[in-house]
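Should a chain be cited, it is by its letter among A, B, C, D and E, assigned in written order, with residues numbered from 1 in that chain.
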Amino acid sequence: MMRQGIRKHLPNRALKAGLPPGSLVYIGRSKKAASAETRITLMTFENGTVSEQEVQSVADLVPLKPAPAITWINVDAVHDAKLLAEFGEAFHLNPLLLEDILNTEQRPKSEHLEGLTYVILKLFDFQAQQEEILSEQVSIVLGDNFILSFMEEVSDEFEPLRIRLRTNSQRLSTLGTGYLAYSLLDSIVDSYFGVLEKIGERLEYLEDTLGGEQPPNILQNVHRLRRELIFLRKNIWPVRDMINMLQHLDSEKLIPVQPYLRDVYDHTIQVMDTLESYRDLLSGIQDLYLSVLSYRMNDVMKVLTVMSSIFIPLMFIVGVYGMNFKYMPELESHWGYPLTWTFMILTALGMLAYFRHKRWI
Amino acid sequence: MMRQGIRKHLPNRALKAGLPPGSLVYIGRSKKAASAETRITLMTFENGTVSEQEVQSVADLVPLKPAPAITWINVDAVHDAKLLAEFGEAFHLNPLLLEDILNTEQRPKSEHLEGLTYVILKLFDFQAQQEEILSEQVSIVLGDNFILSFMEEVSDEFEPLRIRLRTNSQRLSTLGTGYLAYSLLDSIVDSYFGVLEKIGERLEYLEDTLGGEQPPNILQNVHRLRRELIFLRKNIWPVRDMINMLQHLDSEKLIPVQPYLRDVYDHTIQVMDTLESYRDLLSGIQDLYLSVLSYRMNDVMKVLTVMSSIFIPLMFIVGVYGMNFKYMPELESHWGYPLTWTFMILTALGMLAYFRHKRWI
Amino acid sequence: MMRQGIRKHLPNRALKAGLPPGSLVYIGRSKKAASAETRITLMTFENGTVSEQEVQSVADLVPLKPAPAITWINVDAVHDAKLLAEFGEAFHLNPLLLEDILNTEQRPKSEHLEGLTYVILKLFDFQAQQEEILSEQVSIVLGDNFILSFMEEVSDEFEPLRIRLRTNSQRLSTLGTGYLAYSLLDSIVDSYFGVLEKIGERLEYLEDTLGGEQPPNILQNVHRLRRELIFLRKNIWPVRDMINMLQHLDSEKLIPVQPYLRDVYDHTIQVMDTLESYRDLLSGIQDLYLSVLSYRMNDVMKVLTVMSSIFIPLMFIVGVYGMNFKYMPELESHWGYPLTWTFMILTALGMLAYFRHKRWI
Amino acid sequence: MMRQGIRKHLPNRALKAGLPPGSLVYIGRSKKAASAETRITLMTFENGTVSEQEVQSVADLVPLKPAPAITWINVDAVHDAKLLAEFGEAFHLNPLLLEDILNTEQRPKSEHLEGLTYVILKLFDFQAQQEEILSEQVSIVLGDNFILSFMEEVSDEFEPLRIRLRTNSQRLSTLGTGYLAYSLLDSIVDSYFGVLEKIGERLEYLEDTLGGEQPPNILQNVHRLRRELIFLRKNIWPVRDMINMLQHLDSEKLIPVQPYLRDVYDHTIQVMDTLESYRDLLSGIQDLYLSVLSYRMNDVMKVLTVMSSIFIPLMFIVGVYGMNFKYMPELESHWGYPLTWTFMILTALGMLAYFRHKRWI
Amino acid sequence: MMRQGIRKHLPNRALKAGLPPGSLVYIGRSKKAASAETRITLMTFENGTVSEQEVQSVADLVPLKPAPAITWINVDAVHDAKLLAEFGEAFHLNPLLLEDILNTEQRPKSEHLEGLTYVILKLFDFQAQQEEILSEQVSIVLGDNFILSFMEEVSDEFEPLRIRLRTNSQRLSTLGTGYLAYSLLDSIVDSYFGVLEKIGERLEYLEDTLGGEQPPNILQNVHRLRRELIFLRKNIWPVRDMINMLQHLDSEKLIPVQPYLRDVYDHTIQVMDTLESYRDLLSGIQDLYLSVLSYRMNDVMKVLTVMSSIFIPLMFIVGVYGMNFKYMPELESHWGYPLTWTFMILTALGMLAYFRHKRWI
């Protein structure tokens, strides 16, 4: 998954400037993704049996089993424009949307074109130590008897789902590819909660350190976290509209799973709610930190002022009797020294009483 | 009720990752709730008479009395997935919603499915000392001749309502289960005012301490209160939409109580208004505190500056006559010492006049 | 009118917890109101003549003169649940709304039920010295041939209206009770301008003191004013919707006065606009005050720094020649003392030039 | 034009309290306006010829030339209630709107009543030195063959329009009174750009002074400008809705000029956009100023700290050898004095190196 | 492109005050543009062949080839009112919109009038060093068989598009002028990403410098960047509505390219999203900077306080034994001097321990 600070907030479209619309170029910053080997795995559900295989080329995929059977084709590390062009031809994908699949800095969106439903969204991971969110694009194409899923990197995000489907594909048989699409979306949105959990822990950690005696300098951390929350919000916000759109799509594949989609929709709302709360909490933590700074500054200044105010008059007094005038009667007196001490002690006590009265000490 | 600082802002869904939809698992953080013993109480209203009993299993509940009679089944400490599954079977509850009842970190919501109306919301309690909001989930299922209420903990929230119903169940007979549902919602929303009252008192306390001479360090308190208000807002906001939805639901059980629901709706608006006011007041208190800090810093600095500015010149003068030069005519003079004092006193008075003019003292 | 700081932001519903809906209990905090004697005054308009009388009980009121005549019944200091119950019976008032009349912490609202129109809103007064808003609830019930107005306290708010009606009740005869209702609303909304005027003067006063040489500590004032503005906004905002609703109500009593209601509506918009401006102005004043604090702190620090920076090096020099080393050639020199002075004066001038260059002095 | 600081944010309705609706009283604060002499000028467009004259009374106006001819009657310094009443009678103006024309603290609004279209809005002027916005109310009444314009003061705002119409009244003949109304509105909205230009220059000036070496105290200026922007926004915002309403009014006089009104509408949008930008810029300037203050405070403190930290240890050292103990071996040593100097110089250099390392100097 | 700080936020309409609507005057501030020579280039697409030529006058343009052929006329440095008037006549352009083309401070807008579609928007460039956005207006007129594009300056913005069209004009033949219009819009919106990329790099640079040890004074930079973002937002926001309007325009030229326009629309959303993120990031950077200032101030104050608090008591002690009293027993003692040193060292260590305990050092 890519890691790039502020840069990730910017769609890297400059690379495509001057190309005609529909050009297939991989626009992603993930070096790891670009160098990983593309892997195509196939999972077929037919009459309650599940078969899995790994294929090398698109040619090995077609023809797919006809409609009662369901085929799920997952492509990891999708950065090979040529391969994608073959997919486009084999499955009659729209060129503009093929382009969006390769451009992994796409805003989440879904479209329904020529009988196929396209869904593009993001997976996230949060590195607590660097306070950095990594992201990876997932594109899903939903056909009558197949589902294509394109992952930007080699990912095991869908492994739990696969395990479940191997042992229990009953509901899938009943509800068709729509249910599989729902399952993919559901596991993606569910993964957002994991990311939120990690961010929540980090927020809690920051909050706890602030509550302690010696709050460390957490400015950079707060700033980084806020930056990442902005990034997350920007990328999750459209998912809500997207799933809402799927929910109301008049597609015969999706109508049977509408109650399920509604559940996913509720989850995205919950994710958004939590993100908003986090933003509020984060700005609360920042305010708290700034007031802690102010409070401690007050503290430091009080120490300085108390020390100075007590000793400066005393230093003046001892300075006076350090003068070398020939005629200073006090210096000759036997009681001069002890009286001076007495006077100085009284002065110091007076200042202490004053500061105690002001509650500075 | 659960108490967990920032963690409560996060739905704890990680526990369910990988489970198929509709799995019944208790997802709550309340240890107290998880260990408490489930209690099922039954209250039957028939022909103006009220009968109450406590049962051990779901089997003891069915068959319920038919429609003119109304049965209210309350389940305290609902964390037993098996028991809930039995309820699901006996009352034909929807599996997805059964799951929501067990997942006590649900966002408030209501659904109308297969003739049953489901309402899920929260009860709150505010611990003024820790400035912490405790929450507990309440789920209500409304059928033709029965109402199910599932509480996350053992709770006496509905006790006043029970007392009222024992003596006066007339309106209940006329208006049916809808009136009972309204009564439950009404006592829940009314309890929100109690929580608001407690928070208001805490706000008032903070405001008062700030008005005093020596404002204490209330940063943590303000931060905690704000965190709790965010939590409350997030959990009460959907209640408004929920009750609005119930109000416009075309359900024959709810239509007779629509004016009552409108009353509850007005109350939730009032709760939201008050919450918004509290947020504003809290940020006002924070601003006030920060300006108090600034103001006091100014004060401290003035004392330091006045003390230093008066004594530093004097110390310089006495330093001059503490020098050991052989030829310093002033030292020999008889008037040197008294003249020096005079000069120093005039200097000090001049500085005092200057600071008085600047209104620093 | 009641005065209670932050407490007024909170609906005092705790008193009613456990009571069935429709219970008549006075929920107000105004002690003055609770102890004042209820006063019922009657004003009848018939064939262009106006008759006024004060009655002791509801029984003296009925039967009212029939429809072409208009009767305005005003009840001051309404806190007697029994009396209100009698009113309810005599005029067929809805029990839920009777309850709202007694609960003087109601959110402004209007309802049209069973041929009667209910309007509940607030009167305000601003105590400039305490920066406190006092409020009083007014409830108006509009029937075919009568208007009931219930005031929380003994009030002369409607006296100017009465004077006007005594001499000129022509339009009232033409337009019916709707015009009387409009007149009451109009004089209430007009009174808001008086409150705004007072608050505006207070804002102006605060702004002026800040512009002076020695801005006083106005933190508490700003905080209190903001609290009161929040309170006002919360209570006036719903009035807008309320009057809008009356304007579009399909009631034969109100249709003839719709242009008048539109005028009142424009006034409430103007009130809201002004309130928003005040909020902005107030936060502007707060920002200004905080920057004044910062600016003055800078000033204080500059004096300290300039004083210290000039005298500290000088004190070091005189300290050097105050040392008691046996072999210090300078001390023996005849020119040592005057040269030291020269050097010190040059040093001081250098520092002064430096600070002048930095524009600190 | 009136000038009154915060007071202008407040509608001065207190003067009208107790008067029946429709009472004609001049409610304006402009003394200049109240004392100026009312002037009525007449401009008649007929068959391509333009005639102008000044009249003394309303009686001299009527009867107007019939419909193909267009008469524009402009009234400067409208504060005479009697005169306005005569206008009301002669042109059948609505009493409520006549009242609004005299109440020069009206919110901008437009109404279409009994075949006449009323438009009330404001002219502004910005006094850059005092950072004060002056305002003047303009009321326009649009009839079939006439336009009335009432100005609060004696104004030459429409002079350029008059000059244009004298030489070129062709389009006016084609498009009728609607075009004249549009021309008036257009020249008013255009004048807003002039005000914005002046405010923009003031903002630029403030920004520039902040960029300099010694930013002056611009707090008051920023505060005043913000106050005036709030005032402007409050008075221009409704103009947008007003013109939008005129645009969609089904009036046969206005339909032919709809594309022109759309142009004016675009301009008001642009004015609002610019006002919003100004608000953002102003708060940016305030933030900048506050950070400049912080930055300079840092600077001042660094000088103080560096001076103190270097000289305080040195003063301690010279203090030590200023002690009068009998047995201090160093004092007797021949090398004591030069070694002390060496040590002090090294200490000072060490401190300097430390602060240089910290980049404080 | 023009560069003018705050001034660019202001539409320079003052120049036009008093002119009748539809007057052709160049209202732009770009001196460069005003002095550049106007250049008219022609690109004709017919039967798959592309021909290009540069013409001197409008007369050389007409008659255009009829509808199956497509002519793209591009005018650079459009500031010559006479030339534009000729264009207006030759292509039947609406005078109000011609005026908008010359007024290069137009808000982005699109209109469909008399069979022609007008689109006016802006090109931007970001000068990273001065943190300044330069802008240039582009106006596009879409007819049946021609497209006019008017650039404020001599620009090579469309060069890549031209190159593409020379080699591949197939889709253009199929989809007609609508596709050419889309291509122009697409390359303009795409250029926004380049500007965003540059701003993003600048933000990143600011963020990085703040993360370093010695954050420089970046106040001015942050302020300037914010000002430019406000400017950008104000000018890009309407583009979204504009393209949305084009998308839903019932124009036979645009209907075939609706999916393409939708793509452009998505891009403008992405641009707006990114702009919003930038605003948030920028205010995050400002907050960070202010807290860094506070933190460092704390640091400076601690050094001062620690130094003063350690040495001031010591200086008092040495002052005491610098007094010249005749009878000071300590001075006579042999152990006086070493004991004093011991005491002073212990005092200093005590203070150090105290500050270490407070974590100030």
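As a working rule, a residue touches a chain if its C-beta (ideal position, glycine included) is under 8 Å from a C-beta of that chain, and two chains touch if they have at least 3 such contacts.
Keep in mind that this is a model prediction, so the values were computed, not measured.
These two copies of the sequence, subunit D and subunit E, are related by a rotation of 70 degrees on CA atoms, to the nearest 5. Subunit C and subunit E have Cα centroids separated by 43 Å. Note on chain placement: the centre of subunit A and the centre of subunit E lie 27 Å apart, centres being C-alpha means.
In subunit D, the residues touching two or more other chains are 290, 294, 297, 301, 304, 308, 312, 315, 319, 322-324, 328. Because contacts link each chain to exactly two others and close back on themselves, their graph is best described as a ring. Think of the chains as beads on a loop: from subunit A toward subunit B, the beads read A, B, C, D, E. Residues 5-7, 9-14, 16-18, 20-21, 96, 107, 109, 213-214, 217, 219-220, 222-223, 226-227, 230-231, 234, 286, 289-290, 293-294, 296-297, 300-301, 303-304, 307-308, 311-312, 314-315, 318-319, 321-324, 328, 330-334, 336-337, 340 of subunit C are the ones touching subunit B in the complex. By the touch criterion stated above, subunit D contacts subunit E in their complex at residues 160-161, 163-164, 168, 171, 186, 190-191, 193-194, 196-197, 200, 203-204, 207, 211, 259-260, 263, 266-267, 269-270, 273-274, 276-278, 280-281, 284-285, 287-288, 290-292, 294-295, 297-298, 301-302, 304-305, 308-309, 312-313, 315-316, 319-320, 322-328, 359-360.
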